[in-house]
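Next up: some structures, all given as structure tokens.
Next, two complexes with chain A in common: one pairs it with chain B, the other with chain C.
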Partner chain A sequence: MTLLSVSGLEAGYETGQVLFGVDIDVEDGELVSLLGRNGAGKTTTLRAIAGGTEPTVLGGTIGFDGQELSGSAPYEIASRGISFVPEERRCFPRLSVVENIRLAINHAENPKDIETVLEFFPELSEMREKHAKNMSGGEQQMLAIARALAANPRLMLLDEPFEGLAPYIVRRIEDIIAEINDQQEIAVLLVEQNVAAAVAVADYHYILAEGRIVESVSTAQLRANEEVRQRYLGV
Partner chain B sequence: MSAILDARTQAQRLLSESSPAAKLGGLAGVLLLGNAAVQEPGLFIDQAIGGLVYGMILVMISLGLALVLGLMGVVNFAHGALFMLGGYFTYAAMASYGIPFWAALLIAPVGVGVVGIVIEVVVLRRLYGKEPIIGLLATFGLTLMIEEAARFVWGASAVQPAKPAFLTGGTDLGVTQVGTYRLFTVAVATVSVAGVYYLITRTDFGLSVRAGVQDGEMTEFVGVNLPLRFTAMFFLGSAIAGLGGALRVVEFGIDPGAAEEFVLLAFVVVVIGGVGSIFGSVVAGLLVGWAQFLIPVVLSALAVITGVSAINVQGISDLIPFLVMIAVLLIRPRGLFGEEGLLE
Partner chain C sequence: MTEETTQESVPRLPTRLERYRIPLGLLVLVLALRPVVSSDLLLGYNAIASKMLIMMLFVAGFNLLFGYTGLLSFGHAMFLGFGLYIPAIFVSNGPGLLPAGGGVTFLFGVALAVAGVAAYGYLLGRLIVGMGEIYFALLTLAFSQAIYFIVLRDPAGLTGGSNGLTQGTLPAFVEQTRGEIAIEAFGQSLDWYWAVALVFLVGMLALWQIVRSPFGRSLVAVSENEQLARAMGVNTTRYKIWSVTFSGIFSALAGVLLMIQSSGAAIENLSVFTSGDTVLMAVLGGVNYFFGPVVGAFSWLFVEDFLTGFELWQFPLSELTLVTVDLSDILVYWQFLLGALFVVVVLTAPEEGIWGYLSSVAEWLRTKLTEVIG
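The block that comes next holds the complex of A and B.
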């Protein structure tokens, strides 16, 4: 069943239109990546789905579980079962690990238990009372994912979760994302610039260039097709 | 209990961050206060209680101002007008409708809270995320409107309902008498301020509000209906200010000028406490209240000791909140408990 169905999405900012008809389908339980160079419009796409104050959606539809999302407030979209892990992680800096997670639990329809979430992140369960502002980038990324997982969503939107992290933490986050998808059966839309990381976890890939989806390929096809990688991703 | 622990860590932080000069100044202040207390213990205690009553009223007004500033980023100049309305609503309930004092004490804050909701929904909601100056101008306009409306309905001179009989007496403290109503004011104010503090720092509702202050958009992404919380906080802040007005009108009366007089004092308190710090607003409110009532006593005692009568400056009292603000900002530009963040 198609869980998320973005169709003909056009969106932009005061400074101009950025997306010119984006089509993305994510099936229930699937792990899909959205690849593209810096400035291609990946973050804009995720924020349009999550209902951020910016960008403005100019056209197209965003269907989730058969219902239209665009025009809904972000908290309504969250309550339908979408958790968003934004680019800058955005843990609440002066809330503790537990408070960050509890906030998500308090406002989800069908949340996970906090101990279940912390079992999933042993690193975090050792710093329950630590404020997010005093945590490392890797720890903050884990907390942002833990917060999203706590809501027990049907779809998780991840915006460049590996950005700026040390290699061993990148591998840890890759494992976490794979587990969230396999064991927890949560569909994931992963935004990435880094093809290697996307290929490591996702089965299917959309390639975005200048606000349009230019290719949609399986992992095997992406590996095989050097021309696509060269042209749109520079690798 | 944990609130007291909070207070201790906050106080320790303040102490450890103060310079030797500030500590010396603090010591001198304690000595001067001691001198005044010894010279005229009755007057001193009288003024200390007066300062406490006044300070608690300032805290009640400042809390709402600080919360709305922290959560919504709006400088609500109309907050003083809400305080004033609390006084007028109480007067109207008691004097015009014969409603007993205790019931008026409930009705007036709720009424002011409802006015607050109307202001939030009709005016402020359009201003979130805009330049702060726009909010300031809009709420200044609202203040003038509410003030003129009050003048139209209740006249330009002060009104005051009769004090309820069971609160008219005094309590003998040996060196002086304290009006029972003053003790009542302090008790009601303490309970309501403690209640707000508990709500913000210890409940799930407070957690969502603190998150909203730190990152509003992310709070909504996590599933929090933030607009609803804005309205709820505006109701709460307005109602607490209204309760302050209700408590004050019975002892001192209220006039339309109170709207601007008290919003300025509340700004002073918020700035001294550190913008956004609830705890700071509480400390600063009490500090300003006591400073205003005790500094004149200290000066007159000092004038007696030194024989220099010029020290006893007449009419300095109304200037004191602003002098305290200047002094605090010179030493700590962020205010006593201000951080880069809000609502610590």
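The block that comes next holds the complex of A and C.
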């Protein structure tokens, strides 16, 4: 069943339109990546789905579980089962690990138990009282994913979760994302520039260039199709 | 990695003690404050200690909005005014069946002040929290000035205009002899300082419960990253409105105490200077900390009083003076000295303040000490 169905999405900022008709489908429990070069509109797409003041949706529809999302307040979108992990400033620095996760639990309709969440993150359960501002980039990324998981969403939106992390932490986070997707049956839409990491975790890939989806391919197809990789991703 | 290991090797206070360090700290504060600051060596009079507790409660109420929610109110004096004026108006006029000067009249006035400030704070919040931070500051200032000028016009002869309310504002259970205030109730006499200390403790503990509750943690989330909080399902507008409401209630409570402390309602307390001082005290103390406003209000009032009452510098003792320097010409500029301290705080660590500085020194000392012992 199609969980998220974005069709003909047009969106932009005050400075100009960024998306010119984006179509993305995410099936229930699927792990999908949205690839593209810098400035292709990946983050804009994710932010348009998550809602908020920016970007402004100019046209098209965003269907989630059969209901239209665009125009809803971010907290309403969150309460329908979408967790968003932004690229920057992902955690609340003055709150501890436990407080960050509890915050998600307190504001979700049907949250997970905090211990269930921490089972996925043994690293975090050893630093429960540590404040996010004292944590490394990788730890903060884990905390952000843990917080998204705590809301017990049906879809997780992850904006460049591997950016700026050391290779061994990238692998650890790949494992966590795959594990959550697999065991918790949570669909994931992942925005990434790191094609290798995206190929390692996602089942299906959309490629965005200049505000339009130019290709949609399976992992095997992406691996095989060097031309696509060259032309749109530069790898 | 090294940071982590040093943190773990430092022995912590027993966890239970650690968990209640804020209530314990408040208790130690009220027990020690008067004996220390009112002693002859320091400020030498009793009223300053209760004044300090009142201002600490007021600034802490302000900081719920500023430090914990990220909303800067530039008109917090208006909330103080509710507690200051409404009970004073009630007690001096004795409306309806309630007799002027009665204890019940006073309590009724307090209840109305709290209900009034809550309703006002809620409506004001609904009106202005959506406008963005700068407009929030400007609009609180504007509303506060509007209230100031209404009170100054002395509507229906209720507020006393520029004279304020000075006659018959104290309820019967407040005894005043030679500037010392006592509460006389149920055949017992309670020193004013301890009455203030009681209200202070109850108020500060309530504030502590609020900031550590899920509600308070959500306020911190709103102040740190509003967009992320919203994406997580926090209705940030609602939280901000409630923060204005609660902040107003605590500030009005301080206003009630201030009315008795100064035997009436003075219009200066409603002025823009009071609002400005509140911001400065909070920043000076450290807006990121529960004890920040406490330290800020303390330092402010202490420096003000100590420096203005300190005209001759006599060394080494006033009884046995070898050197005398007349400082009165310099120390009238005490606000300049505080201003200089404020500038240093803002330039070095704007959210840390004196309390943040003290706690990092304490942390450093503890680490050094463990190194020496271990």
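The rule we apply is simple: the second predicted complex is superposed on the first by the 234 of 235 C-alpha atoms of A that agree within 3 Å, B and C clash if a C-alpha of one lies under 4 Å from a C-alpha of the other, contacts with A are read in each partner's own complex, and residues count from 1 in each chain.
The rule we apply is simple: a residue touches a chain if its C-beta (ideal position, glycine included) is under 8 Å from a C-beta of that chain, and two chains touch if they have at least 3 such contacts.
Quick caveat, the model's predicted, so the values are computed rather than measured.
Asker: Based on the shared chain A superposition, would you classify chain B and chain C as clashing or fitting together?
Answerer: Result for chain B and chain C: clash.
Asker: Identify the partner contact of A:134: answer first if only chain B is touched, second if only chain C is, both if each is, neither if none is.
Answerer: After superposing on A, A:134 lies in contact with chain C but is clear of chain B.
Asker: By the touch definition at the top of the document, which applies to A:86: first (chain B), second (chain C), both, or neither?
Answerer: both
Asker: State whether A:78 touches chain B only (first), chain C only (second), both chains, or neither.
Answerer: Touch partners of A:78: chain B and chain C.
Asker: Touch test for A:99: chain B only (first), chain C only (second), both, or neither?
Answerer: In the superposition, A:99 contacts both chain B and chain C.
Asker: A:38 in the overlay: touching chain B, chain C, both, or neither? Say first, second, both or neither.
Answerer: A:38 sits against neither chain B nor chain C.
Asker: Once the two structures are fitted together, what part of chain A is touched by chain B and by chain C alike?
Answerer: The answer is residues 50-52, 73-75, 78-79, 84, 86, 90, 92-95, 99, 102-104, 106-108, 147, 151 of chain A.
Asker: Name, in rising order, each residue of chain C that touches chain A in their complex.
Answerer: 3, 214, 217-218, 220-221, 224-225, 227-236, 288
Asker: Please output the residues of chain A touching chain C within their complex, sorted ascending.
Answerer: Touching chain C: residues 50-52, 73-75, 78-79, 83-84, 86, 89-90, 92-95, 99, 102-104, 106-108, 134, 147, 151 of chain A.
Asker: Of all residues in chain B, which touch chain A in the complex?
Answerer: 129, 204, 207-208, 210-211, 214-215, 217-227, 341, 344
Asker: For chain A, which residues are in contact with chain B within the complex?
Answerer: Spelled out, the residues of chain A in touch with chain B are 50-53, 73-75, 78-79, 84, 86, 90, 92-95, 99, 102-104, 106-108, 147, 151.
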